[in-house]
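Shared between the two complexes below is chain A, which has chain B as its partner in the first and chain C in the second.
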Partner chain A sequence: MALLKKQGNFLERNLHIIFPLPAVIFVVVMMIFPVLYTFFLSFTNWNLTSGMPLSIVFFRSYQRVLKEPRFLAALGRTFSFTVLAVFVETVVGMIIALILNRDFKGKGFTKLIMLLPLVSTPVAIGIAWNLFYDPTIGLANYLLTLLGLPKLAWTGSESTVIPSLVLVDIWQWTPMIVLILLAGLASISSEPYESARIDGANEWQVFWRITLPMIRPTLFTALILRSIDALKTFDIIYAMTGGGPGYASETLNIMAFKYSFEYFRMGQASVILVFLFLLVLLMSLIIVRFQKSVEM
Partner chain B sequence: MRTSWSKRVLFFILILVIVIPVLFPFVWMLASSLKTQVDIVAWPPRLVFTPTLQNYERVFREQNFLKYFLNSSIIGISAVFFSLLMGVPAAYSIARYKQQRLSIFILVARLMPGISFLMPWYIIFSRLKLMDSYVGLILSHMLITLPIIVWIMSSYFDTIPTELEESATVDGATRQRAFLSVVLPIAGPGVVTSVTLSFIFSWNNFMFSQVLSMEKTKTLPIAIYNFVSYAEVDWGAVMAAAVAIMMPAIILTMIFQKYVVKGLTMGAVKG
Partner chain C sequence: MKKRFIGIVLAVFTLFSVSAQQKEIRVLLANHPYGEILKAAIPEYEKATGVKVNVESLQESQLTTKLTTEFATKSSTVDAFMTRPLQEGKMFYKNGWYEPITGYDFSDYPKNSLDVAFFGNKAYIVPLVTEWEVLYYRIDLLKKAGIAVPTKFTELEAAAKKLHSSDVAGFASRGKGAAAVTQLSSYVYNYGGTYLDKGKAAFDSKEALEAIRFYGKMLGTYGPAGITNMSWENIMPLFQAGKIAMWTDASVFYGQIIDPTKSQVAAENVGIANFPAGPKGNTPFIVVSWGMSVAKQSKNKALAMDFVKWATSKELAKRAMLSNITMARTSVWKDAEVRAKIHPGLISTQEYAAKNGVPYDRPYMSAVGEARDLIGEVIIESINTAGASPKLEALAKEKAAAVNNLLEDTGEYGVY
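Presenting the complex of A and B:
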């Protein structure tokens, strides 16, 4: 009995270590260790198809990847995809959130509709948009002809593939920004609005002077979170174009995937992964810094 | 204050302008899944047609659809279950002992691109004979579900006042007993939120299963992707499969709407 009591005390005193321990071990084994392994592989020229043992070449894989025009193009594309998508999503999301931020009949239903793209399987969504974009039978071109505009090749042409993919991302993720901003708007107190009304401020002034400053922390976090996810976009692009036509829609994520699982050039794939990893880490640090400064 | 009739109509139109573009792709998907191949390839696209269920019949009969459905369920449910076992105590500890660093550590797991561990997993799993095994897939999906569960549960525990546990410990219970018998029973809403969301994200995952599974453990997103890669695209059947695969997530969302909204937005609206 005494022993049992003592054990209970041991558990209680070390609860803050014992409770998180399984989760921490899991993340270390499944994430930290593999990421370190990737770092190690980036200094090798390992190629699974060559059948040769891996040899350490230090920065030679980095040199080869950095000299590859395909890599630089993918890097630039990843940026432009992310910036374009997140910019439109933020602006449109803000406008929609401001419109929805009041009580009206059917608000719950509207929010439910907003949730649907967020919980839908991205691969299935991508395939459905492929039918929509299909140059010969797709509805997209039909809508263009209705408006008297020329037909487009959409994802079939190098010049329109990125905007077409961005449009899908905007469709799927703008609701996320809307919901986050709605939650943020709901937490703003009504006092500053009342005094602004008394001072005779118009809607425009109220938005710039009160709403925007108060929602800024929420907006900023939403923006960074969305940017990180947009940088990592994989399913939609892979399912819709596979990075094509040519390499016209190949982002870092797609390129790394192809280097790993189609060409099996693990060394060079690791180099791409290291870059992607650093990019995301940088953005994560911004988020963590920012959340800390808000909490303090 | 009474808003005028014309203003209300204007607002209603505005709502339609927002809702219709969001909803339309789903409607088009559903419509296409009910069309014959002739109706699908017709130009101009047919808005009026005789609906048929033959696409669904074909999907459920000819494809191993039920098997993939089962695989997705087994992997999703197991990943969520084991993540709950590990994640809820961790989340409790983060919330009660203010373990900021630990919470960031878990957050980073949510933010990292999946492919940066997928490539090493591929090598390691091949060596350990974990390729195309349920164990391997469940482990990989747990890296999706665990961070979501920890993230949501720790925010939820933050909202539970400590007085409840304190009065229990004053009465002589240990902290772990207080956690089990006082805190857990009222953590229901947090558990519902985190389970729903993490299951949906596991269900929708494509990348991990695409690499780590083959025929035995193939999940639905892979099945539908392979379905399209066949030479001739049978659009009706593909759309029927797409509708079928999205149904569970959509039904869950309808049932737990409030929880899902909370779970998706809580990370950003802390400050």
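Presenting the complex of A and C:
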């Protein structure tokens, strides 16, 4: 009995440690360990095609990856894909959110339709868009010819593959920005708008001076979430082009996948992932810093 | 109270011991028609042997990924699996992931199909499915244009030129870099070239370059738009939609392109012919695309070996042949029932390829994935310039050097 009581005391005294413990264990096992292990692997030359056990080579894998022209191209592509996609998504998302924030008939239905791309399976999206983009039998080129425009090769050409993929990303992820911004818009009280109207402000001034400053925190949240996601985009590109034609749509994530599961160069694949990790970290820091400087 | 507790414990204990007695094996199959045949037949095997077979099916590249991760992390419980000898065989063997196959009668297999099944004097893979390169063509379109079925590259080019229009592409073959390597191989062989010669990269030779230029010219001039991003899965729907007049690819797709539920082109308008001859004769590839193996780390090797013997048996091979799956065993091709059912075009092209063909459709090496990407770069350059690129030779030399580096890295340079 005394023992039980003692135990009870122990539990009660340490509740602040015991309750969060499952979450801490989860984070350590599922998140921190893989990241640390990837860092460790990046310092090895583990390569399954050689049949040799791994050995630690420190920065030699880094040297080899940095010397690879494909790596720098993929790095630049990851960055440009993200900037292009997130920029368009933010602008278009803002416009749609402002429209949906007004009252009109069928608003609920429109919102529901907007959600569909978000809940679809990425690989299914990729296959459907591939059919849509097919230069010979696809709907996209049919639409272009209806408009009297020349046909495009879409994902079949090195010059159009990235914009084509960005378009899919925009189609899929703009609704997320819209949803976040709508939540932000709903939280703005109507008072500043009323006084602005009394003062005779036009629509543009209202947007620029009231709406935008007031949803800025929401906007930055959306930007950070979307940028991190866009930098890591894998499923759509893998399902649609696998990084092709050639390496024309190869981002860091696709390159890391090919290095690990097609080339079996695990060490060098880890190096690429370490760089992707740093890129995501850097981009988030820049956005957060920018947000702070704007708010001051 | 106490009695009931003991009762429950006993019941749980019996349950566990029963399930422990039930013999089980874990088998990984590919999403391939033969995998489907096996899955349908496994209940018979379970009934006859009392062994429970736990099956998982995966798409081919995911299968390699899954096997690699499980084996490399030494955490695998896989007992037997389907494997692609040319793609992963060397690497799996080198890492010691295959268990030697013992007590198996290989006399029913063509000699060249066993090249990839043996390492040294031990067998590690039992050949299952075979495929070879053929020419698919539209009988109606050729007839309308008054063209005979091409038997030579020159005739192929002339026919493609005549058949090509804004509505229908005269010719198609895989253009997506790495995926194109296998289908290009027969072109390279028929020009007198090869990917690897005596363990060294040889696709920068004069003969191989001529073949790559021809392939690029054909696809760049008469191929469908966007061909450099197309593998068979993109070309097949076009052929089924009637947008392609001629197509060179592996024999496995014949069933799907004459399936009326999948194709808008009537089956009687789809022809299959021997791969056309080149300047140096006609030696298309005929390869073992799938085999079956026992995992080295399996704890049920005897059971797994027994399963592999059953899964690669003549009876099942015949059953597969009757559903138009082309098997590696020789005897099933001579079976009267099979010959009555299977398409004559498959029989005649198989006979030709089995007699004259080359058992490799890609550079046979451990780092084959990367080598295919490197050769793929040369192919794409050739297609983009319709075979006329002035820098093709320099590019091929550069990529051949890179493949030689890979061979050196893996200790395979000059080894054959």
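By our rule, the second predicted complex is superposed on the first by the 270 of 296 C-alpha atoms of A that agree within 3 Å, B and C clash if a C-alpha of one lies under 4 Å from a C-alpha of the other, contacts with A are read in each partner's own complex, and residues count from 1 in each chain.
Keep this in mind: a residue touches a chain if its C-beta (ideal position, glycine included) is under 8 Å from a C-beta of that chain, and two chains touch if they have at least 3 such contacts.
All values reported here derive from a predicted model rather than from experimental measurement.
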Notebook entry, point to check: Do chain B and chain C fit side by side on chain A after the overlay, or clash?
Noted result: clash
Item checked: Winner by number of chain A residues touched, once chain B and chain C are compared -> B
Check: Which partner does A:280 contact after superposing on A: first (chain B), second (chain C), both, neither?
Finding: first
Next item on the list: Tell me which partner A:221 touches in the superposition: chain B (first), chain C (second), both or neither.
Entry: first
Check: First (chain B), second (chain C), both or neither: which does A:68 touch?
Finding: neither
Next item on the list: Based on the superposed arrangement, let me know which partner A:261 touches: chain B (first), chain C (second), both, or neither?
Entry: both
Next item on the list: May I ask you to decide whether A:47 touches chain B, chain C, both, or neither, giving the answer as first, second, both or neither?
Entry: second
Next item on the list: Figure out whether A:136 sits in contact with chain B (first) or chain C (second), or with both, or with neither.
Entry: both
Next item on the list: State whether A:155 touches chain B only (first), chain C only (second), both chains, or neither.
Entry: second
Next item on the list: With chain B in view, single out which of the stretches 2-10, 74-82 or 308-316 of chain C clashes with it after superposition.
Entry: 74-82
Next item on the list: Using the superposition described at the top, list the residues of chain A that contact chain B and also contact chain C.
Entry: 130-131, 136-137, 261, 266
Check: In the complex formed with chain A, which residues of chain C make contact?
Finding: 61, 64-65, 68, 72, 91, 94-96, 169, 176-177, 224-230, 234, 237-238, 241, 243, 366-367, 369-370, 373, 376-377, 380, 406, 409-411
Checklist line | chain A partner contacts - residues on chain B that touch it in the complex | finding: 11, 14-15, 18-19, 21-23, 25-26, 28-29, 32, 40-45, 85-87, 89-90, 92-94, 96-97, 99-100, 102, 104-109, 111-124, 139-140, 142-143, 146, 150, 174-176, 200, 203-204, 206-207, 211, 220-221, 224-225, 228, 235, 238-239, 241-242, 245-246, 249-250, 252-254, 257, 260-261, 264-271
Check: Considering the complex alone, what residue numbers of chain A touch chain C?
Finding: 47-51, 130-131, 134-137, 151, 153-158, 161, 241-242, 244-246, 258, 261-266
Note to self: Quick check: in the complex, which residue numbers of chain A touch chain B?
What the structure shows: 8-9, 11-12, 15-16, 18-20, 22-24, 26-27, 30-31, 33-35, 37-38, 41, 96, 99-100, 104, 106, 108, 110-125, 127-132, 136-139, 142, 145, 171, 175-176, 179-180, 182-184, 187, 217-218, 221-222, 225, 228, 231-232, 234-235, 238-239, 253, 256-257, 260-261, 266, 269-270, 273, 276-277, 280-281, 283-284, 287-288, 291-292, 294-295
